[in-house]
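Here chain A shows up in two complexes: once beside chain B, once beside chain C.
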Partner chain A sequence: MKKLSLISLAVIVVLTPFLFSCKKLTRSHAVVVWHWMTDRDEALQELARKYKEETGQEVQFQLYAPSDVYSQKVKVGAQTNSLPDIYGVLGDAQDLAHFIEAGHVENLTGSLGEGPDSWRSTFYEEAINTAYFKAGNSFNVPEGTYGIPLDVTTIPMIYNKSLFAKAGLDPQKPPQTWTEFLEAGKALKKIGVTGFVSGWAETWLIYSLVTDLAHNLMGAEKVMDTHAGKVSYTDPDWVAVFTAFEQLQKAGFVDPSLVTLGNKAAEQAFSQERSGITFNGSWAVNVYAGMNDKLDYAPFPPPQLGNKFPPCVWGGAGSVFLVNAKSEVKDKAVAFLKWLSDKKQASFMVSATRNLSAVKDVGGEGVSPVLQQFADLMKNSIHPNRFLISEDPKVQEAITKGIQSILISEKTPSKVAEEVQKAKEKSKTE
Partner chain B sequence: MEQRAGNTKKSDSPFTWHMAGNYFFVLPALLMFLIFNFYPYIQVFFLSVFKWNGISLSKTFVGLANYKDIISDNVSWWISMKNAAYVTGLALTVQNGVALMLAWMVDRDIRGGQIYRSIFFLPPILSGIVVGLIWNWIYQGDYGLLNGLLDKFGYGHLKEAWLANPKTALTALSVVHMWKGFGWGFIILLAGLQGIPRELYEAARVDGASEVRIFWKITVPLMIPVFILVSVLTVLGTMQMYDLVITTTRGGPGLHTEVPMKRILDEITPGSRVGYASAMGVVFGAVLLVVSMIQIQLSKWFKAE
Partner chain C sequence: MEAEILYPVRKWFTVERISLRLWRVVKSTIKHTILISVAISCIFPLVWMFSSALKTNATVFTDMSLIPSDPQFINFAEAWTKGKFGVYFFNSVLYTLVCVFGVLFIASLAAFAFARFQFPGKNALYYLFLITLMIPVPGAIVALYVLLIHLGLIDTRLGYMLPQINGGLALGLFILRPFFERIPKDLEDAARIDGCGRWGIYWHVAIPLAKPALAVVALFTSLAVWNEFMLAQLVLQSQSLMPLQLGLVKFWGGTLTEYPLLMAGMAISVIPIVIAYIFLQKHIIAGVTAGALKG
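Here is the complex of A and B:
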């Protein structure tokens, strides 16, 4: 009897956690949203409160930060089928495609509709197309729009007008060509500041400028042909793009720690007027306001390498919300996103966060003249999420690491081009 | 008598019912180990023979292709291993040498020994992220503290972008790692030194042995097990460094400060190659296992000597 009691007790203790874990969690009918935007959390919580007041529907915004922690959380959520009703995927089109392929993302094409009065028409085309997959895309994702943009960013060059004036440069006329940019940098160096700073330890910023310059020099078609493997990275146009970074290094005005600076450190350097030109995103308006509210600056497109194609700026893509295709409250999630992207709510977000709205014609106290200048650069913007063919991450790494090597005089542009092409050849066989 | 013999036989059995209670108490820990340690190990081995992006429902079996690629065609991986080995070499010698010297000094009942103990153990308890950000500012090329001091003391010609220069980046990073890590070795070595009976030192001094001879003939031989423990922990801790790299150089410039842990995580995000990253994890684990086993064998050899 004693033995039996002992065995029973052991079995109960061992199985208890499993029995409880097997019980399906009964969720309330609240719409749950996972996000990573620390700076926008307060505003989003406020909007959730307003939504409950207006409709009686509860929405729970759950913040997971920093962004790499959030990325891991979402991946684990996908693997364990525990994603919330609304979430976002940080990464490029390929990452989003993986989630779509696994059935975790609702195709919102039908909900967005078509025509001038549709939900789709309220967004900037560049913004809504961030989550759009064209027919015949390289990821084999069925054609459709899979996300709702909340805000947008542009990543241009930014110059300090006061330092330009001090260096004898025209503060109303930023450099337009690469040669003018190099001359401006040298002039800035002469007045004791670095000509250029950016957080190029964060290699996505390098890749952003490389694609801008490549699109400007050889046009989108040739860039896509390169991604498709039809054009080699050893092509003279690509070598010219890499050579631009060698010229930058040889001009001698860049911050000496350029390749190991994080973006936050670069933002500090620029806002404290230790550097005259930087390469940063539109979120910097909010950042600079917090660091130095007297900073007099303006954005401008990356200087042109060629004159056959227009200058390009990475932009249009920002924070995008996706609806979980497996959510039990899918319709409620879509209804909330529709409410969230209404002009009234979008205007509130702009005022509260100083980010560019993905919704067209949204005013708000946050839209300062300088923020509007960033918004204006969205014309002619490019973004990997809208590329028909994305480049392999390993090739992107070969490009960005190669450019770091050029910037420390370790490799020549031709050598980097060869190494990038080698990485491309390898990616094609995988 | 028969009954007594029977009882004896019963107690010789490897499992008795009255022992069930003991197993019962071990069971939760065993289950935890199986679920949170053993299962992930097995899962990593399993994933390493697949091509999988970490999200898709389907995985493609690739056999040993991931391993083949890592061993024969992944230059950046082996550069990262070489970098980690360089930092580990410095940590084993310089970091542990400094830790031993400081532990030896504190063990000699110098004034303020308790304060030194606290001060020396401060860096290890600081967050790696915070330490990285502070040292990033110290090393900064244009306005960093180190270059400022060099300027002030007339050594301006030595100014350098310490983390951006490929010649100094890895060593500069190693200095931060050693500064943050020497406290662990210090505490363990100090505990080891304090475990040596004082009578041995006194007897040696009575016999006229010099301090240097006492150190080499008494302290070092008795400390060998502690040295081995510290060196195994140093190798494991240093080879797996990550947070300092992320907050200082992010592996740059180029591949000059890449480390294995970062390469593995880069394969997962943004690479989306979870199977390949798992294979890297297995290779890395195997290397660490071999190194640790060599160290343990060496300790046995030293003991025998």
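Here is the complex of A and C:
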């Protein structure tokens, strides 16, 4: 017993200094940034060091990951009015709109300015517009730009050139139409590889392809009319979009576990050349480089369902930083973001992280030819954050769940169209 | 005839013995096959983790062998430095020690009071404590965050440890109370005659007798604190205060995961818990079985 007492005493004596040295940190004049980007943390810390050297202003990047934990942290921060000076909101336009409505996001329209020499003009239009709310938007958010993009992504189809050649397909000519796509998948299956793989257990990936195909088949105006409730999801064009997924399933070359596969598993399958075509984002350049640096691949726009409108690629959005409207160092936060989006810093970020920059004409060692191909696809990109009318999340869910059902032969495209329309009507009454 | 007269019992006995032995061998084989299968299924993920920790990002999905042809021991060093495990490891050890001692001390005192003292509302209070076991952490996070802000404990070690000590109390009470209830009244009386007060009985009689239960509580608390991650991200902001689990996150990006380094980091982080289990194993088995009998 004496021994136990002595051990307890020793532990208390050893630990006491640590406990009593814990005093609350007083808020300094540093600009505090909360972020979730584990792969960009080192580069951001380096930039913070450089900024302090150049300006004397301290910037603290605080990493909270993975993204679901980060989102929880930001929500708690908003509920308790303890958000940092700069942060990001992970989610769609509606999530961002909630933060703006609650007064947590500074409208940066004035700071960005207008014209060829403005801060705004340094960004790709698609990128800066992902945080822009148009006048009369469906969220009733005052018109303005509320965020500064750091980088951008595009989510195209990607094909394996070597496997295409092996299957007797032209490795320089990816499929352009949906019919060619189905034929390519069948040819790949003949050489013993899965024609198509994607992480479609993650429904946002399905929704992005649905949006691409819908824009290509019926044009942006009709898609927006559908969001507005003027066009029904039982419209033949929408049924044709859903039917494309049925054709994919019936062609028999998709990964059998497509709807239960996470994106990381799909990335493994593609990088290990077990599949010839995938649907994935530009971040995959980093992923594939780590898993198989000999992988010979290239991106291409999702195959066209129709020929009236150009092919569309989901893209332009990426990591966006917001300035806390209640921050005491708001001006310093804006000044730092301005510095961060300067070409010199943006170029450093590209070299260090091999992500596409949101800043125009930024070169760097990180821009490989294949990454540049992903960047080039941004010209015809679409993204819900730039839509005038966003679709209700519950309708989006009905679409993606419906497509999953089509892919496992549980439902027909017409049945899914009816169910989506019912969800749409329900959302209008709520 | 002579042999039958002389050895009838031996003949009967031999046949019976053989069938009995055979049955025992069959039973033992089945039992051990099941146990070995369970043991392998428990150990395999650990072996796979160590094996993956020795591979490269490129070979981790292609080389399915348990012993890689070109083991990358450097992964452990890289995981340690890149994940800043030096700082985080110290923090995790500190948090685990303080929380374990905190839970053991407070829960044992409370359990002793609930088991040996009579006071109004005793059972109601006890069940109130147990209810906290049923509240999921995310459900209480906002309230906890607000409380910690008002107490000025956000981004402090104390602010991170106190909720964890509080969180471990209910389980501690649940395990320790039955042990203290089983202490014979005579033992308490004898201690009192020897000059012990309530504190003396608790410290010199109850605690030594409850060592197996204390070991179980210590292990459960250690596991919970060592693996805790979400609360740390919510309460702490300074990287220098973060626990070991944050080091692992550095290899686990939203899009890019460095699997060999992640596995190496996990292997490092699992070692202290395995050591703790090995040291406490004897007490844990005694504690769990005693608790089971009591239950």
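Rule of thumb we're sticking to: the second predicted complex is superposed on the first by the 404 of 430 C-alpha atoms of A that agree within 3 Å, B and C clash if a C-alpha of one lies under 4 Å from a C-alpha of the other, contacts with A are read in each partner's own complex, and residues count from 1 in each chain.
The working rule: contacts are C-beta pairs under 8 Å (C-beta built on N, C-alpha and C of every residue); 3 or more make two chains touch, one makes a residue touch a chain.
For clarity, every value in this text was computed on a predicted model and none was experimentally measured.
Q: With the two complexes superposed on chain A, say which partner A:Gln404 touches: chain B (first), chain C (second), both, or neither.
A: In the superposition, A:Gln404 contacts chain B only.
Q: In the overlaid three-chain picture, which partner chain does A:Ala265 touch, first (chain B) or second (chain C), both, or neither?
A: first
Q: Is A:Ser257 touching anything from chain B or chain C once the two structures are fitted on A? First, second, both or neither.
A: first
Q: Is A:Thr194 in contact with chain B, with chain C, with both, or with neither (first, second, both, neither)?
A: first
Q: Is A:Lys426 touching the first partner chain B, the second partner chain C, both, or neither of them?
A: After superposition on chain A, A:Lys426 lies in contact with chain B alone.
Q: Counting only touches as set out at the top, which of chain B and chain C does A:Gln72 meet: first, second, both, neither?
A: A:Gln72 contacts both chain B and chain C.
Q: Just chain B (first), just chain C (second), both, or neither: which does A:Lys230 touch?
A: Neither partner.
Q: Report, in rising order, the residues of chain A that make contact with chain B in one complex and with chain C in the other.
A: Shared contact residues on chain A: 72, 79.
Q: Where on chain A is chain C touching in the complex?
A: Going by the criterion above, the answer is residues 1, 4-5, 8, 11-12, 15, 18-19, 22-25, 32, 36-39, 41, 62-67, 69-70, 72-73, 76, 79-80, 82, 264, 268, 271-272, 281, 283-284, 286-287, 290-293.
Q: Mind pulling up the chain C residues that touch chain A in the complex?
A: The contact residues of chain C facing chain A are 57-58, 61-62, 94, 97-98, 101, 138, 141-142, 145-146, 149, 152-159, 203-204, 207-208, 229-230, 233-234, 237-239, 246, 249-258.
Q: Could you pull out which chain B residues touch chain A in their complex?
A: Residues in contact with chain A: 17, 20-21, 24, 27-28, 31, 53-57, 73, 136-137, 139-143, 161, 163-166, 169, 247-250, 252-255, 266, 269-272.
Q: Which chain A residues qualify as touching chain B in the complex?
A: Residues 3, 6-7, 9-10, 13-14, 68, 71-72, 75, 78-79, 91-92, 94-95, 98-99, 101-104, 194, 201-203, 255-260, 262, 265, 269, 274, 393-394, 396-397, 401-402, 404-405, 407-408, 410-411, 426 of chain A touch chain B in their complex.
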